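Two complexes follow with chain A in common, the first pairing it with chain B and the second with chain C.
What follows is the complex of A and B.
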């Protein structure tokens, strides 16, 4: 029974394993800008070994997907998640498991008492096992990262479309960044909704922050203007910079019937004039 | 292109998703800035790239963008090739007509891109794919 010996060796030398491993983790963490205190590392190492030991004793070393490894897997997933949030890189996270190799191999070497065949066997089993656990850690890390990115994307989608009220009956929509279809859809919906809510007559779409206006973006703008007109509101597009104007001309996009202005101030002045509001200098 | 023209550097980008179009635009903008293109020229080549990349993705089912920085004496240029293995264009003349589209766009992408660059080449074979090469000189 080869596996029993791995488990025996582990049981016998557990205190040593924990001490050496903790020391290794702490010295490696020293270079990791001290984002984890040595107490935390020690605690994580202890918790991991507490779960790892019974799993090794179960003798299911080839398959970490079984129920014996459930708690170990859950621990590693939780560890990865916390390290993602703490700003660790994927290799720093995986090192938690891989640094255990050296420690366990040394112990297995001691315990094999010169039986080379048995030692090679144990090394291989332990190697495969730790690789699998390491990969599981990286996979969890990746998954958490993707969750974070997805969440940010959604937040960005919401954040990037503020409709602001400039005056009674005048709304402005400052657009920034790439106008891909998903975002333009959100922009258009929120603008039309706001027009209804605030009973506004004029909407100013400011494209100063849009780096490229190609035919798709132009088409989105034209559609938005048309929809606004159908609702009885007027639309002014502002922030048309010289290079954008030239490009639109070359593209051959027809913006006849769409009021455009070079900047937001001009657009606001026009909107106020149309609303019959005038200012005088004191 | 004259015999004097030499290749300075080149690279390739995939065009498989909407995000690749954004990345493609950013790359073309960076390259044109590095070549010292004026703001207007930068905007023109970036906009042309945006149109052609989107065509390759939407009509060609995805493809690649190959960029080359060219040197011709003291002139510097940027050549972009958009290649896809899509259904191809049956009628090139029609495809280059303002306002004609086989999809839902404005029908100005291809013809507009041609007006935004100095050199424009369109090769297409039905069932084999389309290749558009555009060059803008500083």
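What follows is the complex of A and C.
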């Protein structure tokens, strides 16, 4: 019975709601200038109300997971996705729903005509409903954000493993950033593939840009070196910093059988020597 | 009954594994190869596995075994042409094949064998 009244009030004053809400949204969007025009905001408000109205009329105000709210939920998900991509913050995105609270409360206050008990009931119902919708918006915002982060991470992974040719038969792999299992796997695969493609006999892995080496990272490096040896190529690890050398010894990691050099120049010199290439100064 | 052909190239033997290995085939290969080393007086064996795309612990062990047998018969084994995926699998299986020499392709493997022949019988110099 009470729900019908909310729905009635909503139906009766819909034009007012839309006008006031749009005005509020536009004034609150001062900080968002340039990212979203007022016409866009108005359009979004209108679209939302178009979907919100039938959903309210369905009298299912307690549960927004039902089929009545499907379209509203889809709209909010789409809205948060677009806002993530446009660079909005989470509170700016959530404000879209929460700013509707004030408008609806004012309207309900007008419509309840002094019946305090009914007004309180309506306020509570509307409050719960809008909170749920707001949380849903934030949740979708977060999910989209995570998708973006995952994608970037993936792109970073592919970008961060360039295999460069230093000389005929000598490849170098400058590693930058923290090494984890997933990255080492990609690094190992791309290096081995490149070895096959270029028929290179020596690979230099430069770890100057690796901030820390722990047992796991050392393990990964040893695995890569062993795989390279199995394929018939030699591996030199260069760019071992003093702290890293200390850590490796303190951790008791066995690097026997792995050639290590302090810097890339030394490693290249060794690689050239092994390939039988010598330089003379003019 | 299929068997893996063993080709003679000068004083070396070339074995190209192109089919899926199974127990019986592997045993037969060990048999044939040791006999061939003996009768032909081969000084080196090249095992080309560039066509092999899958490997398991059994094959890994078989390769190590063959290498060991050849060693006793005074022939050096070089494993050539291992695919990246195979190398990764072997490492993950913990089969690092210590003592087995490797080369990128048959050509390089041949060079390696020749060099070790030139250097004499010093096994240490064989491991580049």
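General observations
The definition used in the following text is that the second predicted complex is superposed on the first by the 264 of 282 C-alpha atoms of A that agree within 3 Å, B and C clash if a C-alpha of one lies under 4 Å from a C-alpha of the other, contacts with A are read in each partner's own complex, and residues count from 1 in each chain.
Operating definition for what follows: contacts are C-beta pairs under 8 Å (C-beta built on N, C-alpha and C of every residue); 3 or more make two chains touch, one makes a residue touch a chain.
Predicted model, so just to flag it, every value in this text is computed and none were measured.
Legend: residue contacts after superposition of the two complexes on their common chain; A:204 is shown touching neither chain B nor chain C. By the touch criterion stated above, A:252 is placed in contact with chain B alone, chain C being left untouched.
When the two structures are aligned on the shared chain, A:100 is found in touch with neither chain B nor chain C. Looking at the shared chain after the overlay, A:243 reaches chain B, while chain C stays out of its contact range. Applying the stated contact rule after C-alpha superposition, one finds that A:189 touches chain C and leaves chain B untouched.
Legend: residue contacts after superposition of the two complexes on their common chain; A:55 is shown touching neither chain B nor chain C. Once chain A of one complex is fitted onto chain A of the other, the partner contacts of A:233 are limited to chain C, with no touch recorded for chain B. Of the two partner chains placed by the overlay, only chain B lies in contact with A:219; chain C stays clear of it. In the three-chain superposition model, chain A touches chain B and chain C at no common residue.
Across the complex, chain A is touched by residues 79-84, 86-88, 90-92, 96-97, 102-105, 108-109, 128 of chain C.
Interface residues of chain A, counted against chain C in their complex, comprise 188-189, 192-193, 195-196, 199-201, 223, 226-234, 274. Put simply, chain B touches chain A in their complex at residues 18, 21-22, 25, 29, 39-40, 42-44, 46-47, 50-51, 54, 98, 105-106, 108-109, 111-113, 115-116.
Across the interface of their complex, chain B is touched by residues 178, 180-181, 211-216, 218-219, 242-244, 246-247, 250-253 of chain A.
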